[in-house]
């Protein structure tokens, strides 16, 4: 889609979506949309890493959790929440920069497992570490976000909307830039890309930092809504499952893949919310099925079918007379 | 001896993706012969070999071995039919010993029963290997590795052995010794198909030869006659 | 003096625990060596073994170790089926595809276990669960000794299998050079299936002994995967001795980590070790 048309479309959508709570859309729908945009941001960023940069990073939970803890801690330090949310992104990016020293020395499956360990370690850290005072009723490692009741729910919704739409814009900008071309070269073969003068390390690091930043913000916003954080769920592998499923279902490495996939994930999650465990089980089955049947995802499938002319061919067939 | 060739390659085209590399190629190997496919680097020899052994499949044409159509079989099914391959670069299993490499050579069903007999023959053929039985393959010299590779090929109890670039990287003296071994192998009734860059030495050792250039057979016939051919002397022996 | 004798218990238990980790790691290592794929569902499948032993124990009062008579063939078969129908295609697609499908499997199994047995922690409690052996001042729980004994048996059996049988050598050859192995008549698909079947048999053995030693819940497998991966990376692929030493080192890191840093240290130290090893020397101590 032409760059400006897309931006206008997004702008209109943004305004419409923002007005929804004002015009009285039901709480449930606002919640759906909130989850959708937060997950979308995280999924778009995971797609940036795994789909566009060749980095199968299994650590999105680390950024989500850090974003969440940042907003929590800053709320206890009386920092205004919007700054706290921003800080969430910065802390996650800072952390990403730190671990990149270790993690970028690893390749392929080593990188995957290395990044898998990171949220596991963070979970252990936050089980013990109580950086700010205050106890949860009944103890445990959780925190309430202070002053959460002061934030109107529309505002949280708007933040969620903002990060989700921002993630679309960011992906769009990246894909159309020199950075994006560099990434495409790197994804396919980083050895030959680097021999062509592409600074592979800097490209991958940049993707990593951007993804961490946006995912961190998404996490901070998510926990602003949740009002409560504890290490077992904030650093849980289920965050990876969500973004992986959304991206793979929609189409790994395709710009709108996460968008399509997140729709399905959110629908599934909410329809099956009554049956804990079943939701994730079914999502796991779908992930397996997709990888076996259509590993290119739904959008990839559409693209391939289009090439074969299933949706009406724009090619003229070389038929006589 | 049957008049039907043991190996019959008929009009094969081979492609890598959309790029065609072998054109309408035919060749025959009669049981008991040593046949060579000779040609320069990149002429298509290895491609033909891989197609015969099943690693590649032709887009047209057929390949028959002892009457059986093997055109589209997988490599691991072809061994059991009586063709064993000694791959280019030896390709021994590096972390396995000499005796382990030989052992695994007899993996296919037909070879297991006669394993011990074949093993004795291998050590007879290559006495230098006896003292190296428990040495890791990766520690062997090039010539020793080639001996093990040929021995491993023999352990498969083949009717025909395909040997790919045997002389690559080896001194002429060692190659001569290896050819002696090949003659002994042939004397035992095993047919040999050789692929070689080393046209000169090969033509002196083989019965018949095919000369291949850019994926096509350009000359074929008795090896002794081909050696005399003016064109060949110019084309291939100028650089010797 | 006190400091030393204080350490004796965690050191001995750490070494014994290492045996358990070797069994867990061997399954992962076998598949990685042959298929070049890390089965990220392996830890979860080990715990599946624990849960099945739990089911046999609580429903039919079958001793978990005896239950292996059923468990091993069942898991072996499961492994062959999983490889044949799920992983084979994924491996041919790409390494990433295999990783993702394995994740899917882990997800499905984890949640199935959660549905069937709830997220609560479980344990395999038998007559001998609380028995200890006394050596001087030190009490060593019997289960740790059983773990180590099982590990030795497993290592010997697998080692002999890999070195002395056609199938075992076929697996070894395939992991060193798959294409050449095909030239020997070795069907790689069969090799993958058998290797995966064996890996699953190892998983159920590990699961039973793990369940006798520690409480477990549906998510325990994630930590096991990380540690098992650390063991095979530290020990280097293809080396049984290396895997054993890797297992012992990780066992020690857990017990000593817990000794010095409390319960969080038990996992924290091994996890940090994995990260450091991956960053500094992914080919391990003994690897090629």
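Going in written order, the chains are labelled A, B and C, and every chain counts its residues from 1.
To be clear about the criterion, a residue touches a chain if its C-beta (ideal position, glycine included) is under 8 Å from a C-beta of that chain, and two chains touch if they have at least 3 such contacts.
Note that the coordinates shown come from a computational prediction; the quantities given were computed from them, not determined experimentally.
A centroid comparison over C-alpha atoms places B as the chain most distant from chain A. Measuring from the average of all protein CA coordinates, the nearest chain centre is that of C. Rounded to whole angstrom units, the spacing between the C-alpha centres of chain A and chain C is 32.
If you average the CA atoms of chain B and of chain C, the two centres end up 43 Å from each other. Centroids of chain A and chain B (each the mean of its C-alpha atoms) stand 55 Å apart. Those residues of chain A in touch with two or more other chains do not exist in this structure.
Within chain C, not a single residue touches two or more of the remaining chains. Chain C makes touch with chain A in their complex at residues 37-38, 40, 86, 89-90, 93, 95-97, 99-101, 103-108, 110-112, 114-115, 219, 222-223, 225-226, 229, 233, 264, 267-268, 271-272, 274-276, 278-280, 282.
Interface residues of chain C facing chain B in the complex, by the touch rule stated above, are 166, 169-170, 172-173, 176-177, 179-188, 238, 288. Listing the residues of chain A that touch chain C in their complex gives 50, 56, 101-103, 105-106, 108-110, 112-114, 116-118, 120-121, 124-125, 127-128, 237, 240-241, 244, 248, 276-278, 280-281, 283-285, 287-288, 291-292, 295. Within the complex, the chain B residues that touch chain C are 53, 55, 74-77, 79-80, 84-85, 87, 91, 93-96, 100, 103-105, 107-109, 111-112, 152, 156.
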